[in-house]
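You will see chain A twice below: alongside chain B first, and alongside chain C after that.
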Partner chain A sequence: MSSVISSLAEIISFIILIAAAVAAIELYLWSHFKYHNKKLILYSLGIFFSIAFAFVFKLSGFFSVKVFSLFLIWELFLIYASKNLLKGKKYLPYLLAAPAFLGLAALLMYPFIFQVYLSFHDLKLTTIMKWKETGELPFAGIKQYIAVFTVPPLAETGFFKLLWRTLAWTFVNVFFHVLGGFILALMLSEVKAFKGIYRTLLVVPWAMPQVVAVLAMRGEFHSQYGFVNVMIKKALAIFPWLASLGITPVNWLSDYPLLTCVIINIWLGIPFMTVIILGGLQSISKSYYDAASIDGAGYFQKLYYITMPLIKPVLMPAVTLGTVWTFNNINVIYLVTGQAGGTEQADILVSALYKAAFTYNRYSYSAAFAMVIFAILFSISVSYSKFFAEKKEGKT
Partner chain B sequence: MKKETVKQILLHIGLICAALICVYPLSRIFTVSIRPGDRIISTDLALIPDQATFLSYIKLLKETYFLRWLYNSLVITAATSFIGVSLASTAAYAFSRFEFFGKRSAMIVLLATQMIPAGMLILPLFLMIMKLNLMNTYLGMIIAYSVSSLPFSIWILKGYYDTIPKSLEEAAMVDGTGHIGAFWKVILPLSTPALSIAFLFNFTAAWNEYLVARVVLFSSKQYTWTLGLFELQGQFITQWGMFAAGSMLVTVPVLLVFLYSSKWLVSGLTLGSVKG
Partner chain C sequence: MASVNFKNIVKKYNDNLILDNVNLEIKDHEFVVVVGPSGCGKTTLLRLLAGLEEITSGDIEIDNIKVNDLPPSKREIAMVFQDYALYPHMTVRENMSFALKLKRFPKEEIEKRVKEAATILQLEKLLNRMPRQLSGGQRQRVAIGRAIVRKPKVFLFDEPLSNLDAKLREEMRIEIAKLYQNLNSTIVYVTHDQVEAMTLAGRIVVMNKGIVQQNGTPLDVYRKPQNAFVAGFIGSPTMNFLKGKIKFEGDFFYFENNDAKIFLPMFSFPEAEKYSGKEVILGIRPDDIVLDSAKIDHAHKLSAVVEVIELLGHRENIYLKMGEQRILAVGEAFGDLSPNAKAEFSLNYKNIHIFDAITEKRINP
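Now for the complex of A and B:
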C-alpha cells in the first residue's frame, strides 16, 4: 500500500514538474514577445535566460558547449523574430502551440534525428556502456547501411527475403481486409432486422485489446487444443475423404507461422474496413439505385457502376492507412512468434527490426535498418498519393 | 416478395456466421477462464463447461501481481492521457482560431509525423530513456507514450473547435475576457465530447501498448498488464486459466468503452491519418 502511495506521489510531482516547465517556457516566450520594442529589457532578458539555461543544465549534468551554443543561436533568433517579425502582434497562437510542438520536437523529431546519427556510428553491446557514461561513439560512415543489405538482420533471414515477404504480407492482408470488409458492409447495409446487434458483434476483434486478441487467437492455433485443429479432427471423423485433399491437423505455430499470422491479422483487420465502407455505403443516395433499376440494371451492374465509384473517396484513405498499418505491424508477428525459440519464417521487415534491436542488441545496425525501412515506406506512400492524384485529375 | 425473404434469410445466416467468427475467441477465453483447474486444457468446445468455477480468477488475483499490473497500466496511462490532451487542447485552439506565420507548415509537420512508423522510434526512445536513467520506471513509460497520440488529438480537437461558432467567443470577449478567458470559459466546456474522445483515444493507445513496455520495463512488479498477460502465456508453461481470467478482466471494460466511442473514433480516423 505504501508503495502505491509513493508511486502516486511520484506521478503527481512529475505532472506538477511538467506544468512548471510549461509555465516557465510560456513565461520565457511571452517575455520576449511582450518587450519587443524595449531593447534594453529584451537584451537583458536574453542574457538572463542564457545564464539560467546554463545553470539548469549544469545542475542536471547535461551541459556541453554544443548544447549551449545551440541555445544561444536560438535565443538570438527569438530576439530577432520578436523585434522584426512579430512586433508584439498576434503572438498568442505561438504561446498556445509551443508546448505541444516542444513535446513533439523532443520526443518525435529528436529521436528521429538521433536515429539518423546512430545509423552512421557504431553502437552495439560492446560500446554501449562507454556511450552511456561519456557519450562517445566510434564513427562508422555508411558501414551500417552496407551491412543492412549484406548481413542478415536475424539469425538467417536476409534483407531481400524480408522485403518480398513484407510486400506479399501487406498486399494479401489489405486485399482480404477490403474484400471481407466490403462483403460484410454490403450484407449489413441490406439486412433489415438486428442490424445494430450484428454491427456491434462484428467490431469485437477491433475493439478487443490487440494483445488479448492476438494471444487468444494464437491459442486457437495450438496443435492439440486449439479450435482450428479440433474442428479439423472432427471434420475428418465425419468426412474421412477430406484427408485425401490434404486437410489434416498441422502444427500451425511451428510449421506454418506466416499463414497463421496472416489469418490472425485478416481476422483483426476486417472490422475496421467494414465500419469505414458501411459509412460510405450509407452516404450513397438511394435515388441512384432507383434510377438504375428503371433503366433495367442488374445487381452486379449497380454494384460496379454505382457503388464502386461512389465508395472510392471513402475507401482510398482507409486503404492507404491500412497499407501503412499492415506494413508496420510488429504486434501480430511478434506476439505469435516472438517467444524464445520463436521461428523466423513469419518475420517481416519491422518485426525483424524489433528483434535485431532488442533480441540481438545491434543498435546502430538497427538504426540504419530503420532508415532503410522508412525510405521504402516513404516511397510507397508517395507513389500511392501520386497515383491517386493523377487518377483524380484524369476524371475531371 | 418471396425472393426478398430468401435473400434476408441468407443474409442473416451469413451475418450470424461472421459474427460467430468475430466473437468466438472472446467466448472461448470466457469458457477457459471458468473451467475447473484440472480441465483447463481440453478439447471440449461447450460455452459454459461442467462445474464452472471462478477459481482461476481468485488464483490470478492471489498468486500473481495482476492487480499491481493493472495499477501500473492505469497510472502510466492516466498520466499520459492527461498530458497529451492538455497539450493538444491549446495547440488545437491556436490552429482553429488564429492565422499566423508558419501555420501551414506546422500543420504539414503534424501530418508528416504520422508518416514516421511508431515501431521505428522505439530504439532511439529506448536509448534516450536509458541515458536518462529512467529504465523500469513509470516516468520512462510516460515520456515514451506522451506525444505519440498528440498529432491525432490536435487534428480531432481542431476539427471540433472549427464547428463552434466564433460569435460565442466574441460575446465573451465583449464581456471583458481575453482570448485565454474565452478559451477557458467557452471553448473548453463546449468541447467536452471531443475532449473525452481525444482522452479515450490517448488512453486506449497507451493502455494496449506492448512493444515499448517490453523493452523499458524489466521487473515483473513494474509490468503493465500487457506484459503480464504475455508472461502468463509463458515461455514453457502456459497458465491458460489465469491468462484467460486476466484477459476477461481487461477486455470487458475496454470493449464497453470502445463500443461507446467507436462512432467518434471512426469519424476521427477518416478525418486525418493516424498510425496504428
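Now for the complex of A and C:
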C-alpha cells in the first residue's frame, strides 16, 4: 500500500515538475513576446537580466563561456524574432506552440546533431572507453560513409542488396495496403446494417500495439502449431489432390522469413488505408455518381473515372506516409526474425541498421548508415510532394 | 425528341408514400414544369424518369417504350442537377465530352458536338478551365452543355437555378427559355419556384404530397386553379383566402362571414344555390381587388382599414384589415391611401375563386 502511495506521489511530483517547466518556458517567452513592439529600453533590460542570470550561474559554478555565449545568441535571436517576425501578429498561438516545439527540438534536434557528429568520427567498442574518459573521439572524415557502401552492415548481406530488398518490401506492402484497403472500403461503404461494428472491428488490429499483433501473427506462422500450416494440413487431408499442385506445409519462419514478414505487415497495414479511403469515399458527393449513371458509366467506369480521381487527394498523403512507415518499419521484421541468431534473409535497411548498432556495436558506422537512410527517405518524400504539387499546379 | 408517359406511378420508401398514383403525359417538344413545395415528390418523379430510383409500381414510357427496367444510360435522357454535379477533376471540355467518350464516339464527332454546344452556351473560352474556376452561372451553363452534347430525347432539369443568386437566376431563366426555342426538345423541369414555372412552362404540373394537383397551361393554372392548394401556391403575392358561408338574400347570393359580406354575381358562381348555407373558401388575388374609385362596384363596395403599405417602386402592396381578416391588395405606387385610413374596394368578379371548404376543390367555373 505504501509503495502505491509513494509511486503515486512520485508521478504527481513529476507532473508538477513538467507543469512548472512549461510554466517557466511560457513565462519567459511571454515576457519577450509581449514587448515586441515596445521601446528598446525593455530589450536592454532583458539583456541586463540575462547577464545577471549568467552571473548567478557563474557564482553557482555552472558558468562556462560556451554556455554563456550560446545563451546570448539565443537571447538576441529571440529579441529579433519577437520584434520582427511576430510584429502585428497575435503571439498567443506561438506561446502555446512553444513548449511542444522546444520539447521536439530537444528530443529530435539534439540526437540528430549528435548523430551527424558521430558519423564523422569513429566510435566503436575499441574507442568507447577512451571517449568516456576523455570525451575525445578520433576524427574519421567521410570514411564511415564510404564504409556504408563497401562494408556489409550485417554478417553477410551488403548495402545494395538491403536497399533493393527494402524498396521491394516497401512497394509490395504499400501496393497491397492500398489495394486491400480500397476493396474493403468499397465493400464497407455499401454495407448499411451494423456499419459501426464492422468499422470498429476493422480498426482493432491497427489500434492494437504492434508488438502484440505481430507476435500473435508470428505464432500463427509456426511450422507445427500455427494456424496457416494447420489449415494447409487439413485442406490436404480433405483434398489430397492439392498436394499434386505443390501445396505442403512450409517452415514459414525459417524458409520464407521475408514472405512471412510481408504477409504480416500487409495484414497490419490494410485497416489504416481502409479507414482513410472510406473517409475519402464518403466525402464524394452522390450526385457525381448520378451524373455518371446518366452519362452511361457502368460500375467499373464510375470507379475509374469518378472514384479514383476524387479519392486521390485523400489517398496521396496516406500513401506517402505509408511509404515512409513501411520503409522504416523495424517492428515486424525484428519481432518476427530478429531474435539472437535470427536470419538475415528478411532484413531491410532499418533492421540492418539496428543490428549494426546494437548487435555489432559499430556506432559511428551506424550513424553514417542512418544518415544515408535518412537521405534516401528525405529525397523520396520531397519527390513525392513535388510530384503532387506539380500535378496540382498543372491542373489549375 | 420524344414523348414521356407516367402511368399510375407509385413510389414508396419503406412505408413512406412519396408518389401516389401519378399519371402524366408529356407530349413531344413540350416544356413541362413540375412545381411544388419541397418534399412534394417532384424531384423523385424526375429521378424515376432518369432511372436513378426504382419505381415501386406503375410504368414509365419514353417514346411509347417502357423504360422501367432500362438503366439511365439507355433511356436517352440528359439531366441537369441542382448542384450541377460537374466532375471536379475534369476540364469543361472533358465534362462535356464524358458521356460521348463512354459511348466511344469518334474523336472528331465529340469535338464537333462540344464545339456546337459551347457556341450555343458561349463557353468557347472556358473549355480548358476546371469547374472550380467558373462562376455559378458558368457552371450552370456547362451542366446544360453536358446535357446538350448528348442530343437526348428528353432533357431533365432538377431545380437548376436554385443555387444561383436572384439576378443570375433571371438571366439563366432567359437563357433556358432561349435554349428551348433553339432546341425545341422535350423538357421536364422541376422547381419549387412558381415564377420559374410560370415564365418557362408550356405546361405546369403542380404537385403536393405526392399527388398531381393540377396539370395545365400557366394561364390555366393561374386563372382557374383547381383547388385551394394550387391557388395558394401559384401567383405572387399569394392569393387572399376568406372562409365563410354562402347566403341567399333578396335576389342575390352573398359570401358571408363575421368580417364581411361579399356580393357574388350570378356569372361568377352559377352553382351558388347548391351551396347555399354551406361553408366555402373564397379566394381573390391581390391584383383583383379594385381600389380605383372609378372602377369600384359602388352598389356592393366593401370597406376596410389600411394596415400597412409596402412600396415596391412601381407599385405597392396594401394590407387591408377587414374586421379580423387581413387582405392584401396591389395598387399603383404612391396611391392616395395611407395607414389607418379607411379604404373602399370591391372585387373583380370575373376572377373570384370559390372552393369547397371540405374538399378544397374549385366549385365555380
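The rule is simple: the second predicted complex is superposed on the first by the 294 of 396 C-alpha atoms of A that agree within 3 Å, B and C clash if a C-alpha of one lies under 4 Å from a C-alpha of the other, contacts with A are read in each partner's own complex, and residues count from 1 in each chain.
Convention: a contact is a pair of C-beta atoms (placed from the backbone, for glycine too) under 8 Å apart; a residue touches a chain by one contact, two chains touch by 3 or more.
For clarity, every value in this text was computed on a predicted model and none was experimentally measured.
Within the superposed three-chain model, A:Ile294 lies in touch with chain C and out of touch with chain B [touch as defined at top].
Contacts of A:Ile306 after superposition: chain C is touched, whereas chain B is not reached. In the superposition on chain A, A:Val203 contacts chain B only, with no contact to chain C. When the two structures are aligned on the shared chain, A:Ser285 is found in touch with chain C, with no touch to chain B.
Taking chain A as the reference chain, the count of touched residues is higher for B when chain B and chain C are set side by side.
Once the two complexes are overlaid on the shared chain, A:Ile330 sits against chain B while remaining clear of chain C. Taken together, the chain A residues at the contact with chain C in this complex read 285, 287-288, 290-297, 301, 305-306, 309-310, 312, 395-396. Note for the complex: chain C touches chain A at residues 47, 50-52, 71-73, 77-79, 81, 83, 85, 87-89, 98-99, 102-103, 130, 133, 146, 150.
Every residue of chain A that touches chain B in the complex is listed here, in rising order: 4, 7-8, 10-11, 14-15, 18, 85, 90, 92-94, 96-97, 99-101, 103-104, 106-112, 114-115, 118, 123, 132, 184, 187-188, 190-194, 198, 200-213, 215-220, 224-225, 227, 230, 267, 271, 275-276, 279, 314, 317-318, 320-321, 324-325, 327-331, 334-335, 339-340, 350, 353-354, 357-358, 363, 366-367, 370, 373-374, 377-378, 381.
Those residues of chain B that touch chain A in the complex are listed here as 7-8, 11-12, 14-15, 18-19, 21-26, 28-29, 41-43, 45, 71, 75, 79, 82-83, 87-88, 90-91, 93-95, 97-98, 100-101, 103, 106, 109-110, 113, 115-128, 130-131, 138-139, 142-144, 146-148, 150-151, 154, 179-180, 207-208, 210-211, 214-215, 226, 229-230, 233, 235, 238, 240, 243, 247, 250-251, 254-255, 258-259, 262, 266, 269-270, 273-276.
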